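Order of writing sets the labels: A, B and C. Residues in every chain begin at 1.
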Amino acid sequence: MRKLQFRPCGNFNESYEEELAIFETDFGRVSMLIGLLLLFVVIPFITSPYTLYILNSIGIYAIAAIGLNLLIGYTGQISLGHGAFFGVGAYTAAILATKTGFPIWLSIPAAGIVTAAVGIIFGLPSARLKHLYLLIATLAGQFIIEYVLVQWESLTGGAEGISIIGATFLKIDIGSDRAFYFLIFICFALMTWIAVNLVRTRYGRAFIAIRDNDRAAEGMGIPIFRYKLLSFAISSFYAGFAGGLYAYYMMSITPEPFNLWLSIWLIAMIIIGGLGNIPGSVFGAIFIVVLEELLSLGTQYLMNVGDSAGAAITIAPLREFVFGLAIVLFVIFEPKGLAEVWRVIRSNFRLWPFSY
Amino acid sequence: MLNFLQSAGQGGGGKKKVQFMENDTRLQINNISVVYSDVIQVLKGVSLTIKKGQVVSLLGSNGAGKTTTLKAISGLLKPENGKVTEGYIEYDGESIQNSSPEDITRKGIIQVLEGRQEFKYLTVEENLRVGTATRWGKPYQKDLGLVYNYFPALLARKKALAGYCSGGELQMLVIGRALMAHPQLLLLDEPSLGLAPLLVKEIFQIIKRINQEQEATLMVVEQNANMALQIAHYGYVMENGKIVLESEAAELRENPDVKEFYLGTAASGALKSYKDVKAYKRRKRWL
Amino acid sequence: MEFFLQLLVNGISLGFLYSLSALGFVMIFKSSSVLNLAHGELLAIGAFLFLAISTWAQLPIWLSFALTLVGTFLLGFIVERFFLRPLIGEDLIQVIMLTLGLGIMFKGLLLFVFGGDIHEYRTFLPEGLSLDLGIVRIPSVNVATFIIGILFLILFGFFFKYSSQGIYMRSVADNQSAALSLGVHVRRVFALSWAIAFIVAAMSGIVLGIINGINVHELSAIGLKVFPVVILGGLDSIGGAILGGIIIGLLETFTGGYISTSLREIIPYIVLIIILMVKPYGLFGLVEIERV
């Protein structure tokens, strides 16, 4: 067995393979194993159902956020339509499950594929548009999809929505939070693994080239339009996949949650987590979901304390205020997001006592 | 010859002290160091003096620090995360090295940026009007006439969007735009960049006229050493963030090293072969 | 025929409201290239400030109008100074996210102070302004909007085209470092453009409030309607914004009148997608000049 490697000081990479390695040291590999162990063996058995619910939400949104980060953080194409893409995935999964009786292991990937197709359609403007114009085109996509979800009643059930009852996975009932926890986090681990590997392939490097300078990328022979569409497709696949999980987890869906607010939510996750950084998307998802939960707990608490119920109603908007403030503060003071904060903390530990 | 160069560099340092005492100094740079992003040191102790009414040219190869020197004077280092860490810059006896570009331009120092930074979506005349920013609210019609007098080509194109002008027109435009500001000290960064030889000649003629007629002090950064030394009174040569040579322009033109490396002619006047230039390059390290 | 005319008049007046709301947006974009996602909230801030001064503090209309303008002007300066200035030179997406966060913040704050109900101003417009065209009658509010809109168009058109300050503002949007080298006070230009945009947004917000009542949710939703309007006209063209607003207004009322009311809300966005595919820089926008 070769010697365990720990972080060297400086850059000693001698080949491209080393440069591309996910884990620079065995320390990282070991800590990932410990993390996986915690995730699958320890956490689900020691936490309350409420915590599991929060963890599940984090898992679902983290998948969508990773996808969005591939698009915004790596390819540099801004999308304000991912909330709707998420909804398309949720509806596809729900429709496949209720109308055609697809099993869950088929309907969720199918949801991803259908959403990828929708994503390509709304990514088409990216052929000619950049930056602001693309942002606005995807915003239009958001509204159009929302409208279709409400109006196409024969398929989507209109404002009533669809319910999925009694879903099973390989004959195991996954109705409980804990059972679903395993499903979500297996998917999460898989999707993260795919994303981490994707960005160090030819495709990932092409995405980054397009982000940094699309004209130069084109000059280097990267067919930028095809790669932009590919990025849209992959990113929408992630959103749709997460949406499918969401539909099964919630068991009933309406068009309501898939509005512009969800798109903003997802973008906030990757901004706060860190653009162009896969672990960052996960941090962002954790931060936003926990913040949202704390804020609503806070207002609930105020509502229950004696006669301040009236005050609680007026305080409720402060949730929005704090949410907005969090985004603003992150953008101004830590534009690289939580991933950067995490890196600084880690290197402080590593370099202690010589950190400065 | 090496000894000569060295002594010229040192002698320049001594001479500067004397010049500083004289009253006709417009700009005095004393031993400045410039660092970008707190780590990249570009200038390592540059000193130079510009006298009133002179044309001073600053020569040097790419990356020597010419543009950085200009930006240090005009205060444009700050937006690029650069800083003057040592030394001082004095303009008419006032220290300016930490002033904002707004203040520096209002003292009459205007830099014409490298690479013709025109305003693409403004018409030619609107571009010229931006030049009045330092004297906002004062009449500018006379200055427009003056600029059109220097550059008749601009008059014909005055309603055209600058983004659609040719390279030559743009170079005239950016020089004219700087003239609108009534510059006391005009810093020109590579006015000949990417222009046809005939056009370069024309531009330099106009630069000379501007110096004579507007009583503006000029500093010209150039790759085209031949042209620059023809109109300049005094010249500096930079290399690796240092001034390696300075002298009267006429003297500089006759300097064998400058001839060899920057003017491309040997002492005999014949073109140098590539082999010799390479030999020079090896020697250059000693400078 | 009467129905058609009624729709036409409604469409134009609705469109004018959109145009008016888009003006502040175009202001900011023209001078600092910032896509302001908080525009709806800016409208709401102006509308509510006017409400607070005129209805609650019971000051005379002209005084409260002037006070609102001064107040929003100062607010614009403050917002620029504390939130946008640190981001000068940052990536586009960061700035967009910042305006998004600001919008959410403002909305929460407004909801906290004023609640989510519909408020109304006391009436102050003279009835004599209304126009009777025989078949259709145009209420005085819309006539007032129309006059204000035209006034704005001329004022800002002249400001940007001919005044020195307007040209400096455009030069900053065009090439920041060149503007800096010529001594244009870039920070002042940014501050000024945000302050002016706040004023313009406040005026539009007040007009919207007079017509529809003042409601945080509704006003911030109109902030999103601005996008189809400005895309149609071209992001940086004031005349385009006016025309784009009218086209979108007409589209909405005619779709609502002849096809279906539910399609009405979505038709601007469908048109927007089509426009972006066919003519990416809008009807009057400047084509991006790229030299490599």
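Following the convention adopted for this analysis, a contact is a pair of C-beta atoms (placed from the backbone, for glycine too) under 8 Å apart; a residue touches a chain by one contact, two chains touch by 3 or more.
Everything numeric in this text was worked out from a predicted model, so none of it was measured.
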Mean of the CA atoms for each chain, then the mean for all of them together: which chain is nearest? C
Determine, using the mean of C-alpha atoms as each chain's centre, which chain is farthest from chain B. A
Using mean C-alpha positions as chain centres, tell me how far chain A is from chain B in Å, no decimals. 52
Between chain B and chain C, what is the separation of their C-alpha centroids in Å? 45
Taking the mean of the CA coordinates per chain, how far is chain A from chain C in Å? 33
Which bits of chain B are touching chain C when the two form their complex? 74, 76, 79, 101-102, 104-106, 110-113, 117-122, 126-127, 129-134, 136-137, 161, 163-164, 174, 177-178, 181
Interface residues, chain C side, partner chain A - complex: 35, 83, 86-87, 90-94, 96-98, 100-112, 115, 224, 227-228, 231, 235, 262-263, 265-266, 269-270, 272-273, 276-277, 280-281, 290, 292
Give every residue of chain C touching chain B within the complex, in rising order. 89, 164-165, 167-168, 170-171, 174-186, 286, 289, 291
Which stretch or stretches of chain A touch chain C in the complex? 72, 78, 124-125, 128-129, 131-133, 135-137, 139-141, 143-144, 147, 150-151, 215, 260, 264, 267-268, 271, 275, 314-328, 331-332, 335
